[in-house]
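Each of the next two complexes has subunit A plus one more chain, namely subunit B in the first and subunit C in the second.
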Partner chain A sequence: MRLKELTEGTTIADKLLLAALIIISVSGFIFIKKAFPQGTDVIIEVNGKQQYKLPLNTDITVSVKGVIGDTLIEIKNRKVRIKESPCPNKICIHNGWTDKGAIICLPNRVMVNIGGSVGIDSQREDKPRKTIDAITG
Partner chain B sequence: MIKKLKILAPVRAQADSPRRTSRPRTQAGSLRRMRRQNSKFKFFFILLFAVCCLLLAVYGCTPREERIFRKSKIIMDTLITISAVSDSGDKAEAAINKAFAEIEKIDRLVNFFSGKSEISDINKNAGKKAVAISDETFEVIGKAIQTSEKTNGAFDVTIGPEISLWDFHKKIKPEDRAIKQKLQLVNYKALMLDKNSRSVYLKKSGMLIDLGAIAKGYAADKAVEAMKKNGIKSGLVAVAGDIKAFGLKPDGKPWKVGIRNPRQKTRDDEIMATMELTDMAISTSGDYERYFIIKGKRYHHILDPKTGYPADSCRSVSVIAKDGAITDPFSTGIFVLGPERGIKLLEEMEIDGIIVDKDGKIHTTSNLRGKVEIKGTN
Partner chain C sequence: MQSQDKYRIALLSAYAIAIHSFENLLPTPIPWLRLGIANIITLATLVLYGFRAAMMVTLIRVILSSIFIGTFLGPGFIMSFGGGVTSTFAIGVVFSLFPRLFGPVGLSLIGALFHNMAQLFLAYVMFVQKIEPILIVSPILILLGTITGIVNGVIAGMLIKSITKDKKSSS
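Presenting the complex of A and B:
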């Protein structure tokens, strides 16, 4: 039996070490899955149509054509911002840098989604609005 | 682990020590020892394997709990957010995508501004001929006409010619003469629906159907339908302010919807009231959504079909009913009717509503009292 040859000369400590290593690696796999649940892609849509899918870890600046003009989106140091926008109130620009969630520019119909397209509702985020699921009006 | 150590230790010592000291050994004894050692190792690895399996199983089972998955998209010129309760992100996303596809389909059919929509086809052929349309467009126009009849024309789907005169982005108030002139083109009774041929005919040239005050509510209905068909038992579709909720949240509570304060002054008074919603829709029409102010007078996008000018007896109207295709047009129609006639009509129809009149006073249907938590509009 090969197994015997392999384990010949191993001590209890060796076996414990082996067991510990296997358990650590398995739990490491689980931990990574838990800690980083989704791929960090940046998805840029105009009017609901996907224009770009970019990795968050690559610095890049792209321009997309919206309904009233071009929106400039910058990815840098794993963060995203809208750098330039033709919209009147520039709410999207004032949003600044972010690394999760979405940046929306409704006047130009541009939406930038970070970290997977489906967001899981976290009870911890959005504290003031925690109790409200949607707003009408 | 400690227990295993105790068992292994003496056996190990026994197996190791004789190998070096006593020699020669009998073949049978050596084989027996080998087998014993082998089975011990097997046991050890099986145990290890079992521990790993257990860990993986525990991991595999934890995400089974239900959570709310959310996705937003810009369609129909507005932000649409769909939430689905599911134990699987993939299942939720698939259902949400189906719901979005349904909304996109409706947008393609009824978009007032797209030259390719069925609505623009009907409008182009006004005064010329009847146009055959899809079941969806037929259904939504049918519902719009029902609302027009119930509100005695306070909601009118043929408001298009008047709406087209206004530009709330560029703050253009049309000439009084132009408003008066186009008024004769606004009349839902001159819109002919033919059930047999599934066609629509606008009697006068220049008439325009605008489904802007019903399409979003209808889209919310269709999106909810699509999610249910795809195995989602609870969720919420918010097509801007047209919201439809079904089922309960993972914590067993109904969905909570906030009604926007029509005169928000600070960051903290965004919401004027909240209410819990399940298997119901809510829509709000307000004079603060698209408007401009000239010489202290507010001009907004909710036009009275009888005058062509913005209706001015309300600030905001919210209607709560089973379907978005009811709440959306009725919130507009009730806004035009005003608080007194509006509440009366809603109570007659046994649907609920909350109205903020032009002075900021809140009116609710009697059935709604106690169901809505009012914070005030200051």
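Presenting the complex of A and C:
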């Protein structure tokens, strides 16, 4: 069967509607991807108390006051690291960039938890996994 | 309603139920993705015999095939019912207001769009109750609905043409 026979009987309004629907769905797809990025939150706790809740996809550097001093936490390119820490061994700094789990600095009582996702993921997983990557002393 | 109409509705409903039930057996990559080929019958009924007949066929198809499949009054049935009635209503309104504006493909696209919107709304009310996942899924659904809508519209157009040809040659 030729293509002309298949498209016979379609009106201009049909074609316009088709174009509109494709444009709407594709642009909607792009827009929603921007509006709701697969967001994961970074939760920074000091002494068990939540100090910050930051999205992983925004680059930021924050300073939190711990027990023995200020810890500098950097979020960049969807990864987190502890940039500066007053603790003696600096294991939390050597832990480097990570995008899942947690970084814990025990002497300063700072815990950086990556997880607790927002959006669709939070329904799929009822409880965000809390795996500990490294305990630093 | 004339008895001839009753026969037509019965026959068309039987076709629609058969297609709907068959389609239910087909495996699809995503569980809630349906081709909606039974809508070909709805569309042809609307164009050939009017809105009342199309709505009757839709109602009979949705209710009876859900009884056959075993989902009657379940959540799947409510989704199917809401989608079917809304889309039939939408194409019925468009077709009676502007009968010459859209061809079968355009009507099929409208039907698919309203079917998806109604189902998204029902899914929101019944299961999800969160707006973000609905918004994320809706463009994908609209796009898929557009693709299946074109296919259904083309087939419906062919069906309508062959039925009107038969009618002309027989009378």
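Odds and ends about this structure:
Definition applied: the second predicted complex is superposed on the first by the 77 of 137 C-alpha atoms of A that agree within 3 Å, B and C clash if a C-alpha of one lies under 4 Å from a C-alpha of the other, contacts with A are read in each partner's own complex, and residues count from 1 in each chain.
We adopt the following convention: a residue touches a chain if its C-beta (ideal position, glycine included) is under 8 Å from a C-beta of that chain, and two chains touch if they have at least 3 such contacts.
Everything numeric in this text was worked out from a predicted model, so none of it was measured.
In the superposition on chain A, A:109 makes contact with subunit B only, while subunit C stays out of contact range. By the document's definition of touching, of the two partners only subunit C reaches A:32; subunit B does not. In the superposition on chain A, A:21 contacts subunit C only, with no contact to subunit B.
Of the two partners, subunit B and subunit C, it is B that touches more residues of subunit A.
Once chain A of one complex is fitted onto chain A of the other, the partner contacts of A:47 are limited to subunit B, with no touch recorded for subunit C. Residue overlap on subunit A between the subunit B contacts of one complex and the subunit C contacts of the other covers 7, 11, 18, 22, 26, 119-120. Those residues of subunit B that touch subunit A in the shared complex are 1, 5, 8-9, 12, 34, 37-38, 41-42, 44-45, 48, 51-52, 55-56, 59, 67-75, 77-79, 81, 83, 89, 92-93, 96, 100, 104, 236, 238, 241-243, 245, 249, 255-260, 262, 270-271, 274, 282-284, 286, 289, 316, 318.
The touching residues of subunit A, when paired with subunit C in their complex, are 6-11, 13-14, 17-18, 21-22, 24-26, 28-29, 32, 35-36, 119-120, 123. Chain contact summary for the complex, subunit C toward subunit A: residues 100-106, 109-110, 113, 128, 130, 132-133, 135-136, 138-140, 142-143, 146, 150, 153-154, 157-158, 161.
Of all residues in subunit A, those touching subunit B in their complex are 1, 3-4, 7, 11-12, 15-16, 18-19, 22-23, 26-27, 30, 33, 45-48, 102, 104, 106, 109-111, 113, 117-121, 131-137.
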